[in-house]
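Each of the next two complexes has chain A plus one other chain: chain B in the first, chain C in the second.
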Partner chain A sequence: MNQKRWLFQVIVVGFILILPFIFQSAYSHHILVSSGIFILLSLGLNLIMGYTGQMPFGYPLFFGLGAYTTALGSTLLGTTFWHGLVAAPIVAGIFGFLIGYPCLRLRGPYFAIVTLAFAEIFGLILKNWVSLTRGSMGIPGISSPKIVIPGLIDFTFNREIKWYYLVVAICALYLLVNRSLIRSYVGEAWLAIRENEDLAEAVAVNTFKWKMVAFIVGAMMGGMAGCVYAHYYNIVSPDLVGLYYVTIAFNIVIIGGRGSLLGPVLGGILFTAVPEYLRASKDLRQVIFGVIMLLGIIFMPQGIMGVVNDIRDRWFRGR
Partner chain B sequence: MELFLQQLVNGLIIGIIYSLVAIGLTVIYGIFGILNMTQGTFFMIGAFAAFFLTKNFGISYFLSIPLAMVITGAVGILVERSSVRTLRGQDHIVFLLSTSGVMVALENLALVVWGATPRQLSSPFVPEPVVILGVFLTRQKIFLFLCAAVMVFLVKWFIKTSRIGRAMRAVATDQNAAALMGIDVDRVFMVTFGLGAALSAAAGVLLGPIFGIEPLMGQLTLIKAFVVVIMGGMGNITGAFYCGLILGVAENLGAGYINVDYKDAFGLIILVLVLLFRPQGLLGRGGLR
Partner chain C sequence: MVLLQVEKVSKFFGGVAALNGVDFGISSGEIIGLIGPNGAGKTTLFNLITGFIRPSQGQVILEGRVISHLPPYEVASLGIIRTYQKTSIFPALTVSQNISIGHHRWSQPGFWAALFHARPHVEERAKTQARVQEILEFLEMTWAADSTARNLSYGDQRKLEMAIALSSQPKLLLLDEPAAGLNPEETLGMMRIIEKIREQGITVLVVEHDMKLVMGICERIVVLNHGTKIAEGTSEQIQNHEEVIKVYLGEEDEELN
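Up next, the complex of A and B:
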């Protein structure tokens, strides 16, 4: 039984590694990378939404913070992707703390709306502080990441296929962090909070503290995803904190399966790859997203992962 | 002084629009206990329904107001059937998400049909302003204010005295007990959502001739309505009415005296402060009243 499972995992990892050779065009590589970035964003969101049951409507705030941190660093100070990869989550984490500290005392819809308010205020600042952010024009000319060791390596991430492996590596890092958190005491505390916050508090779970941990780690993951976005597209704009990205990220988490480790990965693939192949316009694709979101909540409340778990139980756990 | 009066009046006019949308939102919260993400979408649908009717069927602007309200009310009932009733008894998060799904689908459908270019909803009033005490006002704005004020009054009266209004208050207090007393809870749900949608639509039709209409006009309105509902106390109609006016005035005074670029931020900052220091709302408790 264990061997069967091990074999399955090897096949999945192998499939992920050879995927760019199955779909060979640069365009399909681009789709893979962009769905990878959405997966990064959703993995962070899933910690807050799936595991502690809080609704951070303003989550793209952290995505935007990470993207602008590295964009400003890259264009004004000449920092590289690797600096941004460290700085973006730190900045996002600090803001996660500053926003989470007052907001996490609120519950339910209040929490959802007040985080949305923070994101809107941030968006207004990005639009109006033209001397720093160039307003709605956005900041172009963000450098592509390089690995340079003089005399040994001079490698630039300039093609989509190279980016694919970079994003897969970062995704793997996110999954490792998520898995170790979920399997520790923290994960148990989160589930207790999600299922019944009052009861969790009554049995001496420090709900505020563990919600803070989820919020800050989620914020840092969002920030890092923003950094990857900025260096991949080489441009950032205030749209990053708008409703477009938040609805897609929420969709991915729900369709994939709230509170499951791999749910956002499956949801991310479905949500960015499938509509691309439908060749729908951006607006029409959004209509499809909305409909899938509604139908998903009604008919598949546990997401794809719920269905996958049912099948897996049947396969691996015997009849 | 004249700048102050002008900003005050402009603030009251936009504020009563916020009040209308927020009253719809707060009534729905009072009955269902959910935040309805499609409230801004109803605002947009109302405006576009009026645009469609006046342009293609030669219906006058005045007649288009009740017609748009009826059409949007019907859409609201459909939304309730599809995304709220099917999920009854679940966590509030589920409703935030299901109604967001409807919002995303409908607003982008409107983008596909009408495109992103703003359009003008034409009003029968002459554009020349009248001057009262040094304050410039268009006739459309005066009409908007009076019409909205009458609607607020009618809604309060309807909920207070009519049979279905009393049933609504009973359901808001205790759904199960109300059902046991023979109240048709499903019917109350239907009327509530239709009413909320119709109020939002009226706001859209009234504001359309002033600011123009476009498919995403509801997004910012939705956020403003959230601010108002929370400030007024969730489910509190009177609170929503006054806080809508307060928000409109605060925004316009902030825009006039501090910085016009951050006009939309003032309301959000007020929201953050209210939530942190007075989460039960500025005007007493919530509950449908």
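Up next, the complex of A and C:
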């Protein structure tokens, strides 16, 4: 069984690495990268929503924070992508703490709505503080990442295929962190909170502390995703904290499979790549997509990963 | 030795006194029963001892330390562990995971150790696993280790609740109607489990309506009615206590005599 699993993993990794050579157009590379960014965003959300069971409707706030942090740094101070990659999660993490501290004392819908309010406030600030953020026009001209070692390497991430590997690498980092936490006693405490918060508290789990940890780690991941977004598209705008990104990120986690490590990866691919190939017409695409979502929620409450796990159980254990 | 002292505790919800000057102590190693009609304040008292609500007056003292202002998880960290009246488990997790979470108070190597799976974390996990195995054997549930908790029968779910509580190695175990909804045979099994728990040196406070269970295992019984303690004593004393009989069976109707 272990050998079979090992072989399977090698095939999957190999497939991911050669994927840009199967779909060769720059357009398909672009779709892969943008779904990669959504996957990053959803992996952070999955810790808060999938594992700890909290519904942070305002989650894209952290995406926007990360994006604007690096956008302002890049255009005003001339910082690079690599600075942003460190600064964005730190800023998002600090705000995660400040927002989580009052919000996480609330439960269920109250928590969801108060976080949404914070995102709205942030969005309004971005739109109205024109002298700093240029309002709805957004901030263009964000630099592309470079790797420069004088005299040796001068490499710019200026083509989609280069970005693909960069995003895959960051995804791998996210997955490693998630897997490590989920398999530890921290992940167990998160699951306990999701499953039964009162009982968790009654067996000495400091539920507030662990919800905070999930919220801050999730916020940092959202912030880093925002940084990647900003340097890939070279422009940021207040839309980043709007309803569009909330909806997409939540859909990805729910359809992919709440509380499964790889759920957001599958959900992210489904939600960005597949619609692009359903381009019969723009209106019809939305309809097809809505139907897929409805059917998904009705017939796969555990998301795609629920189905995948069932198949895997049959495959590897043999029923 | 007094383990827990409930000192003149009152709790008011608006104008209603859910508890009114309740006063009693629990000694180490005892099994104490807490009985009373519905609405007598038994569950309120449980919530109050475990920190889920604060007393309006009075205090709760554990081994000389006032604990009635602490949040629930800290009370639990000090070794007071409760079960709930309605079955309360972690439904989507396996039986092993459920029990492993119960051990949380002994095994907290910290976030960074967890993130990097550093040695303290690995060692703690191994200890927790050993503890889970021990509990599974103690309660004869080894067969269910990998089952999802929600798929267990009702009786086994109630046993799993005990397993989660036991896994935390409590000083004082508060059981809220452990036999509710169990058939007579399962109730006997539950009595045996409670006695085995006492043999491990764990003090038990049990709320229960099943008189056979209460009279069978409790050394001392406290009776509550309308938020006040009306009697305290051995099962014989309680069975012959005039006011207790009045509360449970009603007063004799004078006109009939």
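In this text, the second predicted complex is superposed on the first by the 304 of 319 C-alpha atoms of A that agree within 3 Å, B and C clash if a C-alpha of one lies under 4 Å from a C-alpha of the other, contacts with A are read in each partner's own complex, and residues count from 1 in each chain.
The definition used in the following text is that contacts are C-beta pairs under 8 Å (C-beta built on N, C-alpha and C of every residue); 3 or more make two chains touch, one makes a residue touch a chain.
Worth saying up front: this structure is predicted, and the values here are computed from it rather than measured.
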Partner chain in contact with A:Tyr185 - chain B first, chain C second, else both or neither: second
Comparing the two partners chain B and chain C, which touches a greater set of residues in chain A: B
Which superposed partner A:Ala112 touches (first chain B, second chain C, both, neither): first
Partner chain in contact with A:Val287 - chain B first, chain C second, else both or neither: first
Chain B versus chain C as contact partner of A:Asp239, first or second or both or neither: neither
In the complex with chain A, residue positions of chain B that touch it: 34-35, 82-83, 86-87, 91-94, 96-98, 100-106, 108-109, 111-112, 219, 223, 226-227, 230, 234, 261-262, 264-265, 268-269, 271-272, 275-276, 279
Complex contacts: residues of chain C adjacent to chain A: 50, 52, 71-74, 76-77, 81-82, 84, 88-93, 97, 100-102, 104-105, 107-109, 111, 114-117, 121, 124-125, 128, 164-165, 167-168
Chain A residues within the chain C interface of the complex: 177, 180-181, 183-186, 188-189, 191-192, 195-196, 198-207, 213
Sites on chain A touched by chain B in the complex: 49, 53, 55, 102-103, 106, 108-110, 112-114, 116-118, 120-121, 124, 127-128, 243, 247, 250-251, 254, 281, 283-284, 286-287, 289-294, 296-298, 301
